[in-house]
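In this document, chain identifiers A, B and C correspond to the written order of the chains, with residue numbering beginning at 1 in each.
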């Protein structure tokens, strides 16, 4: 059976997980950490670096790094004004209106799906290292409230990364799968997911393994980022007021402040006060104490924005808070005590906080991946019935939206509409498809314009073109059309309002499917060679250490032999031979390592990098700016 | 889909919104509803008794945008027409002018109904007042 | 009342049941093969038949839900993700039809409107056909709902408009709010009444279907009579529903 992995492609952090036996587990990255910060940067050689490694670039070379790219997925120039004000996204200078966004990193430009693809590829590699074989299929999670374009962009990112995206699963729904696998209880569950960039609320009915979503709502622009931006603005204002220093345009300084306030925010989730002390350019410092109380007052308006969607979801589900059996918290921002208090007030009960809010979405994605792959004993009987979060409509006269598939309809869902012509001999009909709840087309999201072509010429009003709209299990729209009187399939030309064409995606693919196997081998070889270097360097160091003298001559001879053997195979192309030689040397230097136990070098001998191991397990939620990275 | 500015304008700036004195002898009132959606429309005409020409028309619609545009257009069209000429306005004329799609046809029907009902009401008033008028002579 | 769809279909074979499974050759069930479990190519059927149900309006919603879950376990794309491309397509179509059917049938009003649609009543086209008829005969079209209901709806709408205006200006008219509040309760009661009335016609309709199945088909007049009654209730309800909605909105904001 193919290995299908589950991926949480988050605004802040991304993870990959897999179903091991009957439990889903997160696959750590090469740094040993479960969370991969969703940060991408270009190094001095224009090579992409991803995750923790890229976080440093945010401060050192902010113009070569990007974070929170998920905010731009599937969006156009005209709907990112807010983003541009608050985030250091640098649009390509030659951007045209209507074109897919392009972001500048150094002197290169990338579309949001390409940047996401780099993150996905990193996760894919972690999984491949874990399995020792190629991984080409994945389930990827998206915020439940993502629209069609944002979903399509995520799927494109998967393809660019060389992953076949078998299913897009809504994040809160995925979380419910992980929760349900654990609990095996019937009842009504609400999932409240407040992460870095998005907020989702989903209400589900769990019934003998069926996870039926009854209502979903959310805000794709609400999360920890908003709190961060609030704190940054206050700091910048303070600094300008008190020190007369305007740092707004100083990218390095802004990033340093951002790092500090995020750290402060995280501390305030467990401490009553925090002292900010930030080093500024020109030898100045910004110091300020923030109490939990002040902080909570400050963020109240932000977290209050989750109230409306929650109430609407309950209303749509036809449920009162008392009828909900459990509220599950997901997302790093639900660690904020004030958020928990709000949830308690909204749903009249203590939320369920047993699950790790950072990992539960990825774990759920792994469960869904397992179900798609044919299931196992643990997932037997489990089935997810999700809904479309937004109504699908068609623009009719006067720019009004006519809704044809209502929000919260179980997907797959379909609707059929009939069109006719208005002029004799007319052979084309244009259809404008929208997504959203508002009455006017201009307030809804434009999905695509379809041109029905090749309608046989007839008198006006005679043709009857049947157009079928189908939302698939990924929440993505498909359209087909047939002229009924002639039985002719009408040709449809789609112009997605935002998004890449198939050809564009083809051209961006990082590891094409056909080369997956070969690519994988090549990469394994590269990685094995890198490991050879690490261990040989460590051995050199070991030879200079006091421990070396404690070995017997025989032992030293053995080690020398193994070292030579490794150096020899390292020049060849056979990665398995290299691995074997590494293992042998590792075994052979075991005693040396033991003798050196008190020094950090012992770790290096096992092929690990010292700096990383020093970090230990790290905090549960390393944000791009989390504590672990502080110097 | 593209609409002429004139048509679009009926959506954004509907003409002749308002009401007239219902009890006046030369005012005809039509109150109609579209059962498909539960929307209602009231259309009133003021007719010159000598010439049978509709001199003014007003409407008030509680319904969708297409219904509002349809009634706006209808009031514009009936003004200056005799009542008999006004009876020849068909909902499909409105559909064509506003390029309404099939699902919005009933909205245009509402407008045609309203014209007919208003004219009907006015005619009834004339029949009722005719003897009185004769007496006065 | 309703049996599981599996047995119901077995008891009352749909026409396409006579075909055999494309994969294993055994007799196929309506949507998937009972022998090998494979999803079958979709056949256009009405929503009642999809669930193996007679076209009756009183329906055991709990049993429908169970059938919906059972069928989902066979048809859903998640459970057919590793099959051949064609099967995946069928699974997508079958399960979208299943979802559409369930959504329609579980809701009493959607179910009624759907049945009327099957009976050839296009609720959407009522005004148009009535107006065309009036035009042809030169008569004044009789409004489909009683004039006093229209008056009431219109008046209440005017009041709501006033209320909204007041709120916009920051004014507060307690008398008006009290009046609208009273109307709200009356409207909700009326809405409930209409639903009750609808159910009595359901009963009549289902009686006709039972009779037909017992070999004593209902006459077309009999069918038309209940049908018209149901259409009439649905029409009146539309106005009341709008008002309930608008009143609630105006009071909330």
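What we mean here is this: a residue touches a chain if its C-beta (ideal position, glycine included) is under 8 Å from a C-beta of that chain, and two chains touch if they have at least 3 such contacts.
From a predicted model like this one, the values you see are computed outputs, not experimental measurements.
Contacts between chains leave no pair untouched here, as each chain touches all the others.
The interface carrying the most C-beta pairs in contact is the one between chains B-C.
Of all chains, the one whose Cα centroid sits at the greatest distance from that of chain B is A. The distance from the centre of chain A to the centre of chain C, each centre being the mean of the chain's C-alpha atoms, comes to 40 Å.
Centre-to-centre separation between chain B and chain C, using Cα means, comes to 33 Å. Chain centres here are Cα averages; for chain A and chain B they lie 56 Å apart. Looking at chain B, one finds that residues 103 touch two or more other chains. Taken together, the chain A residues at the contact with chain C in this complex read 166-167, 207-208, 210, 368, 371-375, 381, 383-385, 409-415, 470-473.
Across the interface of their complex, chain A is touched by residues 1, 3, 7-8, 10-11, 64-66, 69, 96, 98-104 of chain B.
For chain B in complex with chain C, the touching residues are 31-40, 42, 60, 62, 90-91, 103, 105-106, 109-110, 112-113, 116-117, 120. Considering their complex, residues 69, 72-73, 76-79, 81-82, 92-93, 95-97, 99-100, 102-103 of chain C touch chain A.
Across the complex, chain B is touched by residues 123-128, 131, 134-135, 140-141, 143-145, 147, 149-151, 153-154, 157-158, 234-236, 238-243 of chain C.
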